[in-house]
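In the two complexes that follow, subunit A is the common piece, with subunit B as its partner first and subunit C second.
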Partner chain A sequence: MANIAAQRIKREFKEVIKSEEVAKCAIKVELVNDSYTELKGEIAGPPDTPYEGGTFVLEIKVPETYPFNPPKVRFMTKIWHPNISSVTGAICLDILKDQWAAAMTLRTVLLSLQALLSAAEPDDPQDAVVAKQYRENLEMFQITARHWTNVYAGGPHVNSDCDDKIRRLVDMGIEEHQARAALSSYNWDLERATEQLFS
Partner chain B sequence: MADVQFGRYCIHFFNTRECPNGTKCSYTHKTNHEVEQFHYVVGNEFFLGKLRNQRVCRYFRRGHCIHQQNCHYLHDNSEPAAGRGSIDRVSRNTRAGTNANPPSTSQTADMVNKNTVNNRKELPNKQLKISSEEILTCKKIEETSKSEDAKEEGACASPVSSFRDSWVNAPEFIPKSSLQPRSYAAVLGSESANDGAACYTDLVANRKLCPYANKDGVCRNILHCTYLHGEKCDMCERLILHPFNEEQRKKHRQECLMEHEKNMELSFAIARSKEKSCGVCFEVIMEKASGEQRFGILPNCNHCFCLTCIRRWRQARQFENKITRACPECRVTSDFVCPSMYWVDTKEDKDKLIDDYKSALARKDCKYFKKGQGKCPFGNKCFYLHALPDGRKLDVGPPPRQRRPRNQENNIDVLQVMLWDYLDERDFPWQSLADDLEDLVSFFTDSDESDWSDYEIFFD
Partner chain C sequence: MASSATETTKESSTSGSGSGDNSETKDEEKKDDSMFECNICLDTARDAVVSMCGHLFCWPCLHQWLETRPNRQVCPVCKAAISKEKVVPLYGRGSTKQEDPREKVPPRPAGQRTEPDPATAGFPGFGFGENGFHMSFGIGAFPFGFFTSTLNFGEPRPGAAPRGTQQHLEEQFLSKVFLWLAVLFIFWLLMA
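Our next item is the complex of A and B:
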C-alpha cells in the first residue's frame, strides 16, 4: 500500500477514535486487518428517522491512491433507503464518487453517510424500488425502513404486522430475507408478493 | 605611492613557507617578510598582499625610526602626510643653515655635491616654484636643500613643512600641538582629545581593519598586530566596527539591522510554518522528507497543503477539472499553485509570494515557445518567458480560443484549464534547504517533466 495512504489512514483512525462523535456513539471505526487497507465502520441511525436506534455496519476499502481517490464504502447491514441498494449495500453518494475531495476523511465520510440516512435523495436513487416507494408512499417507506432497522440493525421498533406476513411466506418455504424483500417491494401486499415469488 | 604593487600572493606560502600546490600554484610565492598582508576587492576579484618594501615606514614618517637604514619599510618623504617630520632632514637643514656648507656626512655630502651641480641650472625654476608657494623664510641654502629634497623625492615642499623647516630660526620655541608627534596609543586612546587627533582622523579613518579579526573575529597576534582592531558590534557580536570611521560604523550597523530584520522575518516564517500540516496527507509539512518540505499556496483560499499533495490532487484525471481545480477543503477554485518554502498567512505576504513566483516564471523560457522556434498555445497568458535568442521579448498575442468541440453546451475554456495544468505540472526540483535559507521564497529551474500527451485529446 502506498505510504501516503497508510500513513493517512493511521492518522485518521486516531482522529476518529478521539472525535466527539465516538463519545456520543454516533460513529466508530475498527481495523479489519493490519495493513489499514480495509476497515469496518459503524454509524448510529440518526434520531427522528426510521433508522433511529439501529447500528449500521459499513465495509470501508481504502484504495492505494487514497486520499486522491475516495474510499470504497458499502453497507454491510441491510438497510431500506433510496440511495442505498437493499441488495448489495452499495451507496449512491456524490462525495464517494465524483465529488470526492482529498481533504475528506473517514470521519467526514461516516458523518456524510449519517446525514444521508436522515436526508434521502430520491431523485438520485441507488435502489429504484425503494426510491419509488419513498416518493409515492412515504408512510409505507417509513414502516418498511423501521422494520428493516429493527430486524437487521437492532432497532427497537417491532412491527408485528410485518413479522406476521413474513412468517406466512416463510411457512410456504420462502427464505426469510427473500420474503421480506418481496413484501417490502410491494408495499407489504402479501398477495402480490406471493405472486412475484412464485411466478 | 603611485606604483603600489598589489598582487595575488599565495596565502599558504605566506603563512607557512609551504604551499600544497608547490610550483603549480597560480599565485606568487612570497614570504611574510616580503609581502604585507592586505586585502582588497576589485569587482569580484579578491586580492591579497602588497609588496612590503613599497610601504613607507610609519615611524620614519612620524620623525624617528630606530631601525634607520635597516628598516624593512621605505624611508622616504614623498607622501605629504600630516604630522610628518624628519629628524634626519631637519638636522641636515640645520647644519646646512648654520654652516652654509655641504653637510658633514659623507653620504649626504656626495648627494649635495651631485645636486648642487644640477641645481645651478635649475635654480631659477625652483626658486620660482617655491616663491609661488609663499615661503617667506627663504634662504639660499635652504633653497638648495629644498630643491635637494625635491630632487630626491619628487615632491614639493608644503607650507607646513617649510615652516617646520625653519623652526630653528624662530625667536623662541613654541610647541605646536597640532604638529606635535603623538604616540600611536595616544591617538587610539583619546577620541575626545581631538585637537591632536584631528590631523590623524583622516589617516586613521581610512586604515584597514585587521583582516584576521574580520574573518574569525579573533586576531591571534593582537599584541604585535599592526592593524587596527574593530570594536564589537552588539548585533552581530563581531569585532568589526571601525574605531574612527563613522561612515563605516553607520554602514555596518545598517547592514546588521537589515540582516537582523531578515533573520527575524525568517524565524517568523519558520514559526508560523512549523506546525502547519497538509490537508491531504495530514503530515506536518516541515517534518516531511527534505525534498517535500514545500508548501503549495492556493491564491484564492487559505488552506494549507504540501506542494506534492496539492499538485497530485490537481493532476488527478478521474475527476472533473472543476473538482480538482478546487481546494480540497473548501472547494474554492484556484487557477494555480504557488510553491513556497514557508507558509504565508497575511494577504501582503501572499501577494508578494505570488508576484515573486510569477516573475520567477517570467524569467524562464517557455518550453513551447522555444525562443521563437515553437508556438506556445497559451499565447501571452503564459507565465513563462517568450523571448527570442537575442533576448528580445515578444508579445505573441492572446491565445487562440479553443473550446471543447464535442461538448458544446459545456463551455469550459479548455485552454485556460490546460494552462493551469501546464503551470502545475512543471515541477521545481528544490535545492537543499541550506542553500536557500537566504531567500524566503526561492524558485528553481524546472525539469521539463510535463507531459504534453495529456493535452492532445483536446486538440483533435
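Our next item is the complex of A and C:
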C-alpha cells in the first residue's frame, strides 16, 4: 500500500477515536487487518428517522490512491433506503464518487452517511423499488424501513403485522429474508408477494 | 471518554500557576503544529503552498490532487476553483532548501513579484502615462510632413493656456500664421 495512504489512515483513525461523535456513540471505526487497507465502520441511526436506535455496520476499503480517490464504502447491515441497495448495500452518494475531495476523512464520510440516512434523495436512487415506495407511499416506506432496522440493525420497534406476514411465507417454505424483501417490495400485500415468489 | 478526561486535566493544570506551565507549552506547540498541517496528508506541510481560498497543502500533495482530476480542479477543502498558476508558495526562513524526495513532481510554482510603481522607482526620460508619452501622425508632403509626424518622449504635453492671457493671444496669433502658411502651401501645390 502506498505510504501516503497508510500514513493518512493511521492519522484519521486516531482522529475518529478522539472525536466527540465517538464519545456520543454516533460513529465508530475498527481495524479489520493490520495494513489499514480495510476498516469496519459503524454509524448509529439518526434520531427522528425510521433508522433510530439501529446500528449500521459499514465495510470501508481504502484504495492505493487514497486520499486522492474516495474509499469504497458499502453497508454490511441490510437497510431499506432509496439511496442504498437493499440487496448489495451499495451506496449512491456523490462524495463517494465524483464529488470526493482529498481533505475529506473517515469521520466526514461516516457523518455524511449518517446525514444521508436522515435526508434521502429519491430522485437519485440506488434502489429503484425503495425509491418508488418512498415517493408514492411514504408511510409504507417508513414502516418498512423501521421494520428492517428492527430486524437487521437492532432497532427497538417491533412490527408484529410484518412479522406475521413473513412467518406465513416462511411456513410455505420461503427463506425469511427473501420473504421480507418480496413483502417490502409489494407494500406488504401478502397475495401479490406470494404470487411473485411462486411465479 | 478518554479525550474529554485529558481536556479537563489540561484546563485545571493551566489554571494552576507554577506546575502547569510545562504542559501548557506542550499543548501550544501541538496546536501550532496542527495549524500548519497539509490538508491532504495531514502531516506538517512540506514545500508549502496556499490556495487563493487560503487552504494550506504540501506542493507534492496538491500537485497529485490536481493531476488526479485534471478536468475538475477544485480545492480539496472548500471546492473553490483552483489551478497550478493560482497557488502561492510559502517561504519560511531556512526551510526553502529542503529537497523533495519525489523526483517526478515538478518544482512548485514560483512566487509572483509585482514591481513597485515606476514613478517612485524612476525611469528617467522614458515612461508611460504620467511621464508623458505622445505619438502623433500627420499627413503631408515632404519636407513639411516629415516634421508633422513625430514621437515625443519625455516632457508632458503642455495644456492650452488660459483664455485672455498674453500667452493665449500669442498662441492664437501663431496658429493663424501657420494656418495661412498651410493654405498658401496648398495653393502653391495646386498651381505648380
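Everything below uses one rule, namely that the second predicted complex is superposed on the first by the 199 of 199 C-alpha atoms of A that agree within 3 Å, B and C clash if a C-alpha of one lies under 4 Å from a C-alpha of the other, contacts with A are read in each partner's own complex, and residues count from 1 in each chain.
FYI, a residue touches a chain if its C-beta (ideal position, glycine included) is under 8 Å from a C-beta of that chain, and two chains touch if they have at least 3 such contacts.
Given the structure is predicted, the values throughout are model-derived calculations rather than measurements.
Trainee: Evaluate whether subunit B and subunit C can sit on subunit A together after superposition, giving fit or clash.
Mentor: Overlaying the two structures gives a clash between subunit B and subunit C.
Trainee: Now for A:S35: first (subunit B), second (subunit C), both, or neither, which partner does it touch?
Mentor: In the superposed model, A:S35 contacts neither subunit B nor subunit C.
Trainee: Given the touch rule stated above, what does A:A23 touch, subunit B (first), subunit C (second), both, or neither?
Mentor: Only subunit C; A:A23 stays clear of subunit B.
Trainee: May I ask you to decide whether A:N137 touches subunit B, subunit C, both, or neither, giving the answer as first, second, both or neither?
Mentor: A:N137: touches no partner chain.
Trainee: Could you say whether A:T88 touches subunit B, subunit C, both of them, or neither, answering first, second, both or neither?
Mentor: Neither partner.
Trainee: Output check: A:I4 vs subunit B and subunit C. Expected answer is one of first, second, both, neither. What do you get?
Mentor: In the superposed model, A:I4 contacts both subunit B and subunit C.
Trainee: Please indicate which partner A:E12 is in contact with in the superposed arrangement: first for subunit B, second for subunit C, both, or neither.
Mentor: A:E12 sits against subunit B and subunit C alike.
Trainee: After superposition on chain A, which segment of subunit B among 23-31, 41-49, 221-229 or 311-319 overlaps with subunit C?
Mentor: 311-319
Trainee: Of the residues on subunit A, which ones does subunit B touch that subunit C also touches?
Mentor: 4, 7-8, 11-12, 67-69, 98, 101-104
Trainee: Could you list, by residue number, the parts of subunit C that touch subunit A in their complex?
Mentor: 1-4, 39-43, 55, 61, 64-65, 68, 72, 74-77, 79
Trainee: Can you name the residues of subunit A that touch subunit C in the complex?
Mentor: Residues 4, 7-8, 11-12, 18, 20, 22-23, 65, 67-69, 98, 101-104 of subunit A touch subunit C in their complex.
Trainee: Touching subunit A in the complex: which residues of subunit B?
Mentor: 279-283, 303, 309, 312-313, 316, 318-320, 323, 326-329, 331
Trainee: What residues of subunit A sit close enough to touch subunit B in their complex?
Mentor: Where subunit A meets subunit B, its residues are 4, 7-8, 11-12, 67-69, 98-104.
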